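Labels run A, B, C, D, E and F following the written order; every chain starts at residue 1.
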Amino acid sequence: MFPNKRMQGMIGKKIHIEMKGERTVLEGVLKSVDDYLNLHLSAANELYNSEKKRLLGSVVVRGNNIVLIHPLNE
Amino acid sequence: MFPNKRMQGMIGKKIHIEMKGERTVLEGVLKSVDDYLNLHLSAANELYNSEKKRLLGSVVVRGNNIVLIHPLNE
Amino acid sequence: MFPNKRMQGMIGKKIHIEMKGERTVLEGVLKSVDDYLNLHLSAANELYNSEKKRLLGSVVVRGNNIVLIHPLNE
Amino acid sequence: MFPNKRMQGMIGKKIHIEMKGERTVLEGVLKSVDDYLNLHLSAANELYNSEKKRLLGSVVVRGNNIVLIHPLNE
Amino acid sequence: MFPNKRMQGMIGKKIHIEMKGERTVLEGVLKSVDDYLNLHLSAANELYNSEKKRLLGSVVVRGNNIVLIHPLNE
Amino acid sequence: MFPNKRMQGMIGKKIHIEMKGERTVLEGVLKSVDDYLNLHLSAANELYNSEKKRLLGSVVVRGNNIVLIHPLNE
């Protein structure tokens, strides 16, 4: 399964995203993803040391600044 | 809704943008967005610790240096 | 107005550019801009703490390392 | 053999990946790879000082944040 | 003159290049440039505090890691 | 000679590569290169302070994280 097909399979599920830069870990429900791995998340939270730090709600994430993504509770 | 469609829906609204690098948080009214998530904002401010630090006015933001975007007051 | 259209409208004007990395703030007259936001500036200066630090003259700036751009004296 | 052909030859094998940024070394079984070197890994672990630090499981890795990749046990 | 046209006009001339990252300032004769601002330089030197630090000779420089370029002795 | 043509001329030769990020200097024999400057190296070593630090063997290097490349022993 191609990486973007793999991402399509996570739509509607809760995912964990690690970003480049100091502000870094996000979790939320994947609403959509495009070919650049740009993401639209709902109910997104920023995490710090594995704890929820800040509610972001509906967020668009720029794909090129993502390091890795994995599904939660799979 | 695709990430860029989601962005189209924020045109005319006030948005919050987190950038890569040390200077980082911007808020302003989204005037336009292209496929690379390059943004044109009006009435943009730079924030520091959630406070307005500097009025930038009309700003063009390079999409690849954006980490995340969410609407304000939604 | 699309972000690149907005940039076209700044040609011939003095602009302020913030770059990624430690060397960061440039000001100069925008001579041309392409679809990647690569810029050709004339009479460019590097600024440090809002003061002119170094005259660069005619400069080509790589678009993907730009964080934001705004016109001066508008 | 082209770099992406070389990657195709690693499908099904255990690979070692070094990423940009502070969180950095991953190992896992390569499930798929696309033209941007985006990867889908299974049984992925994050390593720290050559020791397994965290089980990530099924992971999508963004190609542009990869520094280098080599096969394990070849 | 478009940014890449501006670069074409520097072929055969000595240029100054500032790169992203800690190793940063290069000078050399521009042999060729492509649409991504990838450069081929001859007689390239790395500079540190405006002094020549290391002779690199013939070098290929990756365009996306360039911050800015300007001609020397113009 | 275009930058990618210049790279083609290094195939089969030993090259020196400087990367973005903290882990940084590689040397190895260039097996192949594509339009993005993604490289396939054999007999690659990581260097630290100009000394061989770690044998990597067969490695794929992501082009966008390369700062510069030059041939060895030319």
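In this section, contacts are C-beta pairs under 8 Å (C-beta built on N, C-alpha and C of every residue); 3 or more make two chains touch, one makes a residue touch a chain.
These numbers were taken from a predicted model, which means no experiment stands behind them.
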Give me the C-alpha superposition rotation for chain A onto chain F, in degrees, nearest 5.
120
Could you tell me the distance, in whole angstrom, between the mean C-alpha positions of chain B and chain C?
19
Between chain B and chain F, centroid-to-centroid distance (C-alpha), Å
37
Rounded Å distance between chain B and chain E, as computed from the means of their C-alpha atoms
32
Touching at least two other chains at once: which residues of chain F meet that condition?
20-21, 64
In graph terms, with chains as vertices and touches as edges, which category applies: line, ring, star, complete, or other?
ring
With touching defined as stated, please give the ring order of all chains, chain D first and chain F second.
D, F, E, C, B, A
Can you check the complex and tell me which residues of chain A touch chain D?
1-7, 18, 20-21, 37, 63-64, 66-71, 74
What residues on chain B touch chain C, complex-wise?
19-21, 23, 26, 31-34, 38-40, 44, 56-62, 64-65
